[in-house]
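First the structure, then my questions, so here it is.
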Amino acid sequence: MNYQPILDRIHGALKPVIGQGKVATYIPELASVSPDHFGMAVVSLDGTVASVGDADVPFSIQSISKLFALTLAFQREGDSLWARVGREPSGNPFNSLVQLERESGIPRNPFINAGALVVTDILVSRNTNAEIATANFLGRLCGRSNVTYDPRVAQSERQTSSRNAAMAHFMKSFGNLNNKVGEVLDAYCRTCAISMSATDLARAVAFLANRGTNPWSGEKVLDASSAKRMSALMLTCGTYDAAGDFAYRVGLPAKSGVGGGIVAILPGECGICVWSPALEETGNSYAGSLALEMFTTLTGKSIF
Amino acid sequence: MNYQPILDRIHGALKPVIGQGKVATYIPELASVSPDHFGMAVVSLDGTVASVGDADVPFSIQSISKLFALTLAFQREGDSLWARVGREPSGNPFNSLVQLERESGIPRNPFINAGALVVTDILVSRNTNAEIATANFLGRLCGRSNVTYDPRVAQSERQTSSRNAAMAHFMKSFGNLNNKVGEVLDAYCRTCAISMSATDLARAVAFLANRGTNPWSGEKVLDASSAKRMSALMLTCGTYDAAGDFAYRVGLPAKSGVGGGIVAILPGECGICVWSPALEETGNSYAGSLALEMFTTLTGKSIF
Amino acid sequence: MNYQPILDRIHGALKPVIGQGKVATYIPELASVSPDHFGMAVVSLDGTVASVGDADVPFSIQSISKLFALTLAFQREGDSLWARVGREPSGNPFNSLVQLERESGIPRNPFINAGALVVTDILVSRNTNAEIATANFLGRLCGRSNVTYDPRVAQSERQTSSRNAAMAHFMKSFGNLNNKVGEVLDAYCRTCAISMSATDLARAVAFLANRGTNPWSGEKVLDASSAKRMSALMLTCGTYDAAGDFAYRVGLPAKSGVGGGIVAILPGECGICVWSPALEETGNSYAGSLALEMFTTLTGKSIF
Amino acid sequence: MNYQPILDRIHGALKPVIGQGKVATYIPELASVSPDHFGMAVVSLDGTVASVGDADVPFSIQSISKLFALTLAFQREGDSLWARVGREPSGNPFNSLVQLERESGIPRNPFINAGALVVTDILVSRNTNAEIATANFLGRLCGRSNVTYDPRVAQSERQTSSRNAAMAHFMKSFGNLNNKVGEVLDAYCRTCAISMSATDLARAVAFLANRGTNPWSGEKVLDASSAKRMSALMLTCGTYDAAGDFAYRVGLPAKSGVGGGIVAILPGECGICVWSPALEETGNSYAGSLALEMFTTLTGKSIF
C-alpha cells in the first residue's frame, strides 16, 4: 500500500491544530522545543518510506525508549523479568506511587516510570553503560551507527528527577532494585534523552510488525510469539493512562513519549512514527494521536 | 480454516486441569455448578461450527452479558454514552468503589460492575424490561427465539447484591443513575442470569468479527468502525483486572464472566466461546483462559 | 466560675463573622436555615446556665446525635461494640468509602457516617423505634420530656441519602449490618433530624463532664472510666477530618454536626454547646469553632 | 502524689508480659536490643522522681525525638511551620506515601516520618548540625550536658532508609524540602539515634506538663498556649495509627518510638517515660502501652 497520499492528507487536515496542547515543561530542556513541529513517517516492511513534515528532524524520544529498553532486557532475561514488573494497565497517572505501595514495590507494567526503572536496573546490572546499550540497540534496529543521547536533556532531566528518585528508593525499600539509585537514575535519564527522527523510529519499530525479525538486517530480535506479546503490552499499557481510549480511537499497538513522539505498528505491514511536541493532558501528543486516528480511519486498517 | 482438530487437541491437552480453580461461590445458585464442565465452540463467518465437550450445555453467561447490553445501549445512545462511563482499564479488582469515588461516580469502563450498572440504567430508561431486551437481542444475534434468563440464578444474585447496591447508590449520589436503584439491580441481575450455550454465544459474538454485521441475518448491528472499537474495549477491559495479562498471553478481544464463560473473536474469521466453571483468582475461567491461549498458539493467529 | 461575661465577650467579638461560611445544602430542609443564627450555652455541673444569642432556639442536631446514639448502644453492648467499629481518626473526608473498602467493612470510628450506621443498626436490633429511643435518652439527659425529631428534615435527608445507602449496602456486603438497609437508614435519618436547643444540648452532654453521672438526676449513665473514654473518642474523632486541628486550637472533647451545632465538655466543670449554621469546609460551624477557641483562650482552661 | 507505689505495682503486674511483642528489626542495630528490658520513670513538677526497672538505662529514643525536634523548630518558625506540615492524624500506617501523594507533598502531621523529615529540613536550614542542636536542646531540658546520638545506630538506620529517602525525594518533587535529601536524611537518622534513659526523658518532657516552662531551669520553652497545643498534637498524632485507641485506653498526651520508649505528660503534675523494646503491631511498646494504661487507671488521672 502506498501510504504517501494518506500522510499528505493527514498533514493537510491537521495543520490547523498543530501546536494545540502543551509542550512538557517539567524538563526545562524539553520546554524550549517549539510546539509547531509535526512529522510523520511510515516504513513498510519492503522498505518503502512515506513521510511528511519534520519526519527527519531528531527529537527527544523520552518514554518511547521504554519499549526498546524492555525488548533488550527481555532478550536477556526472558520471562523471569515478569517477576519484577507486572503486565497490567496502571489505571493511574503515570507517575503514581499509590499503586506501588499497594503492590509491594512491583510496578504494574514496564511502560510506567517505575517499571522502566526496574528495566533500567536490569540493564545496569548487565552493561557498563546501559544507556549506550539501548542506543546501540536502536542503531542496529534502524540501521544507523550514530544513535546517541543529548547530554543537556539528560542533565536537565536528572536535575528534576525527584519523583523518579522517590520511586526508585521506594522500590529499593521493597528489594526490587539491585543497583545504586543514583546509577539507575543516571542511566534512565540518559536513555530517555536519546534523540532520533520519526523516520528512524518507524524503521526501528518495524521488527514488531515483522514477527520479531529486523526486516532490514534479517536479525531475529524476538521470536514471533514474544513480538506479538510485546505488541499486546503496547496496546494495553503503551499510552499512559489513556491506553483504553487510544485503543478505542486508534486501534494500533503504540508507545508514546512526553517529547511528543508516538511509535506504532500495523502488524504485517509497517512501522509508524509521528511527532508533534504539544501534548494532551494524558501526556500523549495531541496532533500525533489525531494523526494515528486518521491513519486507521483512512486506511481502514487496525488490528481489530 | 478447519478448527475442529485444533479444538480436539485443546480438549485433550486440558483434560488434566479441568476443574482446577474455584467455582464462583458468592452467588449460591452458581456455586452448585460442577467445576468439571468444559465446552468450546468456534463459529466461522461462513457458518461452520467446530465444537468440543459441553459446547451445547447452557450456562449462566454473567458478565458476558455486559458486552451485549453495551452494544444494545450503544446502538441507541451512540457516543453520548461515554459521558457517563469511561473507556479505560480499571487497574483495580472488578468491584472496587475506590476508583468510583476518585472519579466522581463515573465508572472506568462499561465492563466493570459499576459501568454495567450505568449501561443497565440506560436500557431501563428505554425499555419496559431491560433484561428481556438484552435476551431478545442475543436471540437475534445467534438465531434463537428462546434466549432467556434463569429466574433462580437472578433471584440468588439479587439476594447477594449488596455490593452492587452500594455502587448503584453511590453513583446515584453523583447523579449518574436515573432510575430507581432497585429497578436497575433487578434488571442487572436478570441480565447476568441469562443462560446460553458456548455454541450459541460463539454465534452471537460473530458480528464483531464481521465488521459489525450479523453474518447470519445480514443485519448491520454496528458500523464497522464501532465494531472495531467495541473489540478494542474488550481487549483492554474485557477480562477484569487481568486484561493486560490476557492480551499478552492470548491476544484476542474477549469478555469473560464468573459463570466460567469467555467469548472472543478473531477479526475476519470467527466467533469463539469457551466455558469451564472453575475460575482463576482474577475471576476468569482457568481452563478457559488456557484454552484460548492454546488456540492462538496452535493457529498462530491473534490480532497482533 | 461565672461564664456569662465570657459568653458575652465571645458573642460581641464574633458578631462580624457570624454568617461566614456555608450552610449545609445537601439536605434541602437544612439549606433553608438562616446562616445568621448564633447561640451558645454553658451549663455548669451545679446547674448554673450562662447563655447568649439563640441559645434557646431549637436546631437540627444532625451528627451530634452520633455521640448520644453511641452512648446508648455502648450502655447495652459494652466493649463488644468495638468488634464492629474502630476507634481511630478517619484521616479522610467524613463520607469516604475508600477506608471502608480497605478495612473490610469496619468503619474507622463511630462518629463518621459509616460508623454511626453500624451504631444505628445495633439500636435498631434492640428497639422498635431506634430514633425514639435516642430522643428519649436525650430527653432524660437534659430533663425534657418532649425531645423529638423534625419529620420534614428526616424525610428531606432520607431522600438525599444515596451515599449513606451506598455505605450501608457496602457494609452489609461485608456482613457488618444486620437489619434491612432501608430500616437502618430510616432510623439514622430520623435520629439526625432530632431538634434541640443549645441550652438543652449543653445540659445533655454534661454527664460526660461529670464522670458519667447525670448531674441533674443522679443517674449513672456510664461508669467514670467509660465516660473518660467517650471523651477521648470525641477529641480524636469528633469533628470530622479536622479533629487534629480542633484539638490543637480548642483543646476540648467535642462533637459537631452539619446543622451548625457543636457540643463540648470541660471535665469536672461544665457542658457546652454552640450553634451557628454557616460551616467551614471541614463541615464544622465556622463561628462555633471560633467561639470554642475563644472560650478556652479566655478561660485559660482546656484539657491540656 | 507519691507515684513510687504505683510504679512498683505496675512493674509487678506487667512482669509476665514484658518481652511480648516484637523488637523492631528493620534497623539492624535496634534488633540486637533484648526485648526483656522494662523501665519507667515519673518526674513530678516539684522534682520528685519515682522509677522502676531499667529507668536509668539509655535506649534509642527514635521517634520520641520528633517531639523535641518539632518544639525546637516551632520555637524558631512559629505558626508559619504549619504551611509545610499538617496537624491531622494520618489514618494510615506511619510510613505511607499514599497520603503524601493525595495531599501534594504536605505530610499530615509532624509525627509521621514524612512530617519529621520536613521538620528536620527546617532545622538543617538553621543549624550546622541539626542533630546536635536537638541533642543539646534535650540536654538543656533534662539538665544533662552529654546527650548525644549513637553513631552505630545512626549508620545502621541510614543504610536502611530507602523508604525515608523515597518520601524525602517525593516531597522535594512537590517543593517541600529545601536542603539536599542526603543531608536531611543524615540529620534525621542521627536525631532518631539519640540515646537517653527513661528518667532523663521524663525530666525532659516535663516542660509540657508545666505550661511550657522548664521546671528545672525556669526557662520558658514555649508559651502556655503553644505548650497546650503541642500536647494536643501528641494526643491526636503521637502514637502512629493507634492514636485514637491510645487516647481511649490511656488518655494522656504521648509520643512513642520504635525503640520501645513512650513519653507522656499529666498536665500540671508530671512528666512520664516508659521503655520496653518489644512492640505491638502498631509500632508502640506493648508493655509500655499497658503500663501507661495501668497508670491512668490506678491514679484515676487522665486529661479527660
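Each chain carries a letter (A, B, C and D) given by its place in the written order, and its residues are counted from 1.
Note that a residue touches a chain if its C-beta (ideal position, glycine included) is under 8 Å from a C-beta of that chain, and two chains touch if they have at least 3 such contacts.
Given the structure is predicted, the values throughout are model-derived calculations rather than measurements.
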| item | value |
| --- | --- |
| Where chain C and chain D are represented by their mean Cα positions, the distance between them in whole Å | 32 |
| Where chain B and chain D are represented by their mean Cα positions, the distance between them in whole Å | 55 |
| Shared-contact residues (touching 2 or more other chains) in chain D | none |
| Touch-based graph of the chains, sorted into line, ring, star, complete or other | ring |
| Which chain pairs touch, all of them | A-B, A-D, B-C, C-D |
| Interface residues, chain A side, partner chain D - complex | 96-98, 100-101, 162-163, 165-170, 172-173, 181 |
| Chain C - residues contacting chain D, complex | 86-92, 99, 108-109, 224-225, 227-229, 231-233, 235-237, 241-245, 247-249, 251, 253, 267, 297, 300, 302-304 |
